[in-house]
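You will see chain A twice below: alongside chain B first, and alongside chain C after that.
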Partner chain A sequence: MKTFKLGGVHPPENKLSEKAPIEVLPLPSVVSIPLSQHLGAPASPVVAKGDKVKAGQLIAKGAGFISANIHSSASGTVAKIDDMPDSSGYRKKSIVINVEGDEWEEGIDLGSELIRECSLNPQEITAKVNEKGIVGMGGATFPSHVKLMVPPGKKAEVLIINGVECEPYLTSDHRLMLEKADEMLVGITIQMKALGVSKAIIGIENNKPDAIAHLKNKVKDYPGISVEALKVKYPQGGEKQLIKALINREVPSGKLPIEVGAVVHNVGTAFAVYEAVQKNKPLVERVVTVTGKNLKKPSNFLARIGTPVSALIEAAGGLPTDTGKVVNGGPMMGKAITSLEVPVTKGTSGILIFPEREAARKPVQNCIRCARCLNVCPMGLEPYLLSVLADRKRLEDCEAERIMDCIECGSCLYICPSGRPLLDQIRVGKAEVGNMIRKRSQH
Partner chain B sequence: MNEITLISVVSLGAIGSVAAIILYLVAQKFKVIEDPRIDIVAEKLPGANCGGCGLAGCRALAEAIVKAESLEGMNCPPGGNEVMKDIAAALGLEAEEQDPMIAVLRCNGSRENSPPKVKYDSYMSCAFAHSLFAGEGGCSFGCLGCGDCVEACTFDAMYMDPASGLPVILDDKCVACVACVKACPRSIIEMRKKGKKDRRIFVSCVNKEKGGPAKKNCSVACIGCGKCVKECKFDAITMENYLAYIDYDKCTLCRKCVPVCPTNSILELNFPPRKPKVDVATEAVSG
Partner chain C sequence: MSLLTVSGSPHVHDSQSVSKIMYGVVYSLIPAMLVSFYFFGLAAILLTLTAVISCMAVEYVIQKYLMKGPVTVFDGSAIITGILLAFNVPANLPLWMVVIGSAVAIGMGKMTFGGLGKNPFNPALVGRVFLMISFPVHMTNYPKPTAFSTQLTDIVTGPTPLAIMKESLQKGESVAEIIPQIPQYAQLFLGHMGGSMGEISAIAILLGGLFMAYKKLITWHIPVAYLGTVLAFTGIFWLIDPGYHFNPLYHLLSGGLMLGAVYMATDMVTSPMSPLGMLIFGIGCGVLTVVIRMFGAYPEGVAFSILIMNAFVPLINRGIKPKRFGEEVKNG
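Now for the complex of A and B:
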């Protein structure tokens, strides 16, 4: 069975919610929709306070090429456009809507029947994806239309669909593959058409045998698409790792996957593309896993963007009393949130609740030079060295040691027996080296 | 036996002299001629290599002074006017009088004033915490309390107060080298004039949010009400982005602005206690 070569770790999988079917979460009374839910420039609002909006209506327009449109996820009145705290506690401009009823914008097909035929040409598909505000649903939230446009001089050969879900606990992609397989496959066909490729491979880790069997059965009707089972190893869902695992090509340092003829999209994105192109439905809801060892009912919810996290936790049985930390995302790459009132955004793949005993960090001790961080780094870097260099502000040395290649997967931090803040220090260094490079290119 | 001794002494002696001659010639050929005044100036500098002058270290400042042949724009904060005068006398130059400066902390968001809502237990670095979240108290402008400034201080002039969670600047040890200013990711520490009798008045807040959200996270935040601006007769206070700033060059230390502040965010340091009606406006944070 295939996997990537270099490094990787095996954290306990803890897929507690894998058997829980996707439930539609009831509409909240207020939705708060941040204007920056994607990588790139924040969108600029096109509605004003007091305006009546319908679900699916455009409320903020993407500003620039790398940006994304934002649509209202509910019908109601715009209560305010103001700075609201996001999951980090920093205040970001958001549109707050008081929900009244559930009225949808005209032209959006809410029916469940499958539409297989797509008559649009590649440019029209990309335009539609752009218009409907689709972004990468794996967590990085890179605007999808940018990835569907092949830069001049490059050629896409294969579309890789990421169904790996290598983060422990999370199951939203898993459930989507089981419940919306046909829609997702049509979405993949549309993406293939936009990119002009005849081949697509869906990579799924071996811990989801039901999804692999289900999709292997389904792809028979979809020419060009194949399903590949992969050995379980974190971080297989990383773009570069997945390309290496599936087609055995290595993306050069500092380059994009298109360099080796590959384009990678998440299964969630494929589904969103289907809804946008075939059903005319913008990205206003997503599947969110709400899970945790002490949570009463670990679940997968289809939640509207802007729903407060507290509503999701309530629907999953309420916050356990011994909660130590609530994380937005998976345990490896997710970040702890500072308040339960923060909204679900386009990039929220899961809400993870850690009991107090698991939330605390290991005490920091001295590096014992065991080199385990070196062995597990999927990018072949030397985390122990980078962390020290970053700590001492030796930025040129950091750059020479390829700090910019770090994908921030956290494998080094996970494996370190001394509990050293390896990734934390590298992140600081990476940000500073990034600034340094930007400054240099300006001169 | 004697012969062997003789041969070894003579041959080693010969090799030694040849090597010495070569070394001497090479040393002459590659001799670096340095201005002897650089050594004189470097001798007079404190030798702390703190970087407060804006250059790499004391030697770099000495070289710069000798090269420029003037003391304009050159300053050694830890040495102060005394050292600069000394150097000026040695080089026969004119030293300009500099106002002594000192670091002040423009945040009073202690645990009491800005109660923590979440607990941070990750890597204790302000730079990292700043990239991660707003802060335990919720204020995204205030002190993160991880002590990057204390780490940066090479003069032992700062320490973290475990009770308040804020750094404390020791007036008698601070030499205004700006290492802490550079280390703080939120630009909370400011260099201000030391002031007459060490007296200083400043707005101890850098929060640029509107009054409501600022006050929500911290009881001593500047809410941008503008009362101090109206009170000041010397145009020393300006208001920008809901944040008041006192210009230390214009401030006459009359301290009329302090009692009018509704959130007590203006601090007065090293003043004698007020006489008429006890005003518990603020207590000096540093001792």
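Now for the complex of A and C:
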């Protein structure tokens, strides 16, 4: 079975919610919609305090090429546009809407009927994806329309669809593949058309045999799309690792996948593209896994963007009394949140609740030079060395040792028997080296 | 609910820990320890206990009273140093010498550099070499293995097979004349030969090595490169002149090579990080060992070879980088 070659770890999978069908979460009384839910420039608001808005209505416009439109996820009144806490731990400018109902903007098809034919041309598809605010749903939230435009001089050969879900605990993509397979496959067909490719491969890890079987059966009706089962190994969902696993090509250091003729989109993104193009529906809701070992009812919810995390936890049986940490995202790359009132955003794939005893890290001990970090690094780096160089501010050396190649997957910190803060120091080093490179290019 | 913990990702961690790794190595040493207890009796048990207890005591005193920092004597690393030091000396070595060796191994070999993980040289070998230079007579007077004995004094002693080989060759005897004076392959393999306490039984050491490999405490690179180099290097000489040079298998099974290749050279703290670096390290150890055995003044060169190669580890780590992702672009 295929997988990527270099490094990787296999943490306990703990897919507690894989059997829980997607449930529609009731509308909250207030939604808080951050203007920066994507990589790139924050969107700029086009509504003001006191305005009445409908669900699906544009409330903030993407500012620049790498940015994304933002739409209201409910109907109601704009209560304020202000700095609100979000999952990054900082206060970010957000549009707060008092929910008064669920009245949708006209022209949005809310029916469940499958529409297979798409008459739009590639430019129109990309424009639609842009207009509806679609971003990468796997967590990186890169604006999708940018990835559908092949830069001049490059050629896309294959569309790779990421159904790996290599993060432990998370099951939102898994459920989506089981429950919305046709919609997703139409979405993939549309993306193929936009990119001008005739081939798409859906990569799924082997711990989801039901999804693999279901999609293998479904793709018979969709020419050009195939399904590939992959050996379970983290971080297979990393763009570069997935390309390596599926088509055995290595994206060179500092380059994008298009360099090797590949474009990678998440299964959730394919579904969002379907809804945007075929149903005219903007990205205002997403599937969120709410899970944890002591949670009463690990679930997968279809939640509106802006819904407070506390509402999701309540619907999953309430916060367990021994909770020590709440994470937005998966256990390997997710962010620990500081408040349960932060909203669900376009990139929220899961809410993970850790009991007190799993919340703290191991005590830090001396590095025993066991080389485990080096062996698990999927980019072939030397985390033990980078962390020391970063800690001592030897930025030129960090750059020479290719610190910027680090994808922050966390495998090194996961495996370290001494509990050393490898990735923490490397992150700081990356930020500083990034600044250094930017300064250099300005001169 | 109390406050939420906030920390950087990842939020889950492997269950492996420093002390689990160290105790894994300790457990893997049990077969070799039992063999030496069988052949050298009570003396071997006393020697091992003395070495382990003095290593831990020295580490405790230094951490508590000199460094005034956290005391980590129970993380298992001092126990390993103690056992390996005992393995590397003759079983009848006076116990006070073992105490001195332990003090040097832990004090000079490990704590001087800042403790666990910071020492460039294998501490047990530092202790062994110190003893060898300080007490050359005691350190080359090896007891002959006998089935379990409780004697502590008046043990029959004699030279190791390697010492017999070297001396006899220098006297001008041929291999055919020497062979009857030294143990057979099967005896070497099981441990019935003169030598340091823990180096005698190849099979027990290999068992321990396999256990460590299974538990992912070592990788194959260093032992295979080390043993393979010795095999190839001595094999070439043997093919050229089998009348003057010994069968490579004899080199493989005698002396401290097996112990060195499986336990001393694979010490993670003092060996290279990358697989290719480990291979270079192993080959270097092998070449030096054969050179010392064949052309040096000492009959055995494992300890020196490993210590010399330890000194090259920072250089190897600097020069040999792991294969980076995206480096070798073979697209198609």
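The definition used in the following text is that the second predicted complex is superposed on the first by the 442 of 443 C-alpha atoms of A that agree within 3 Å, B and C clash if a C-alpha of one lies under 4 Å from a C-alpha of the other, contacts with A are read in each partner's own complex, and residues count from 1 in each chain.
Keep this in mind: a contact is a pair of C-beta atoms (placed from the backbone, for glycine too) under 8 Å apart; a residue touches a chain by one contact, two chains touch by 3 or more.
As the structure is a prediction and not an experimental result, all values here were calculated from the model.
> Contact-wise, after the overlay, does A:Arg91 reach chain B, chain C, both or neither (first, second, both, neither)?
Touch partner of A:Arg91: chain B, not chain C.
> Thinking of the overlay built on chain A, is A:Ile22 touched by chain B (first), by chain C (second), by both, or by neither?
neither
> Using the touch definition from the top, say if A:Val428 reaches chain B (first), chain C (second), both or neither.
first
> Does chain B (first) or chain C (second) touch A:Ala270, or do both, or does neither?
A:Ala270 contacts neither chain B nor chain C.
> For A:Val186, decide between first (touching chain B), second (touching chain C), both and neither.
In the superposed model, A:Val186 contacts neither chain B nor chain C.
> Just checking: does A:Asp83 make contact with chain B only, chain C only, both, or neither of them? Give me first, second, both or neither.
In the superposition, A:Asp83 touches chain B alone.
> Identify the partner contact of A:Arg361: answer first if only chain B is touched, second if only chain C is, both if each is, neither if none is.
After superposition on chain A, A:Arg361 lies in contact with both partners, chain B and chain C.
> Between chain B and chain C, whom does A:Leu319 touch in the aligned arrangement: first, second, both, or neither?
second
> Take the contacts of chain A with chain B and those with chain C, and give the residues found in both.
On chain A, the residues that contact chain B in one structure and chain C in the other are 89, 335-336, 338, 360-361, 421, 424, 427.
> Of all residues in chain B, which touch chain A in the complex?
Per the touch definition, chain B meets chain A at residues 117-118, 121-123, 125, 127-128, 131-135, 138, 140, 209, 213.
> Which of the residues in chain A come into contact with chain C in the complex?
6, 9, 11-12, 89, 168, 240, 244, 249-253, 255, 260, 319, 321, 323-327, 329, 331-338, 352, 354, 356, 358-362, 365-372, 374, 377-382, 384-385, 402, 405, 408, 410-411, 413-419, 421, 423-424, 427
> Flag every residue of chain C that touches chain A in the complex, lowest number first.
1-2, 4-14, 16-18, 20-21, 72, 75, 114-118, 268-271, 273-274, 317, 321-332
> Under the definition above, what is the set of chain A residues touching chain B in their complex?
Contacts found on chain A: 83, 85, 88-91, 335-336, 338-339, 360-361, 421, 424-425, 427-428, 431.
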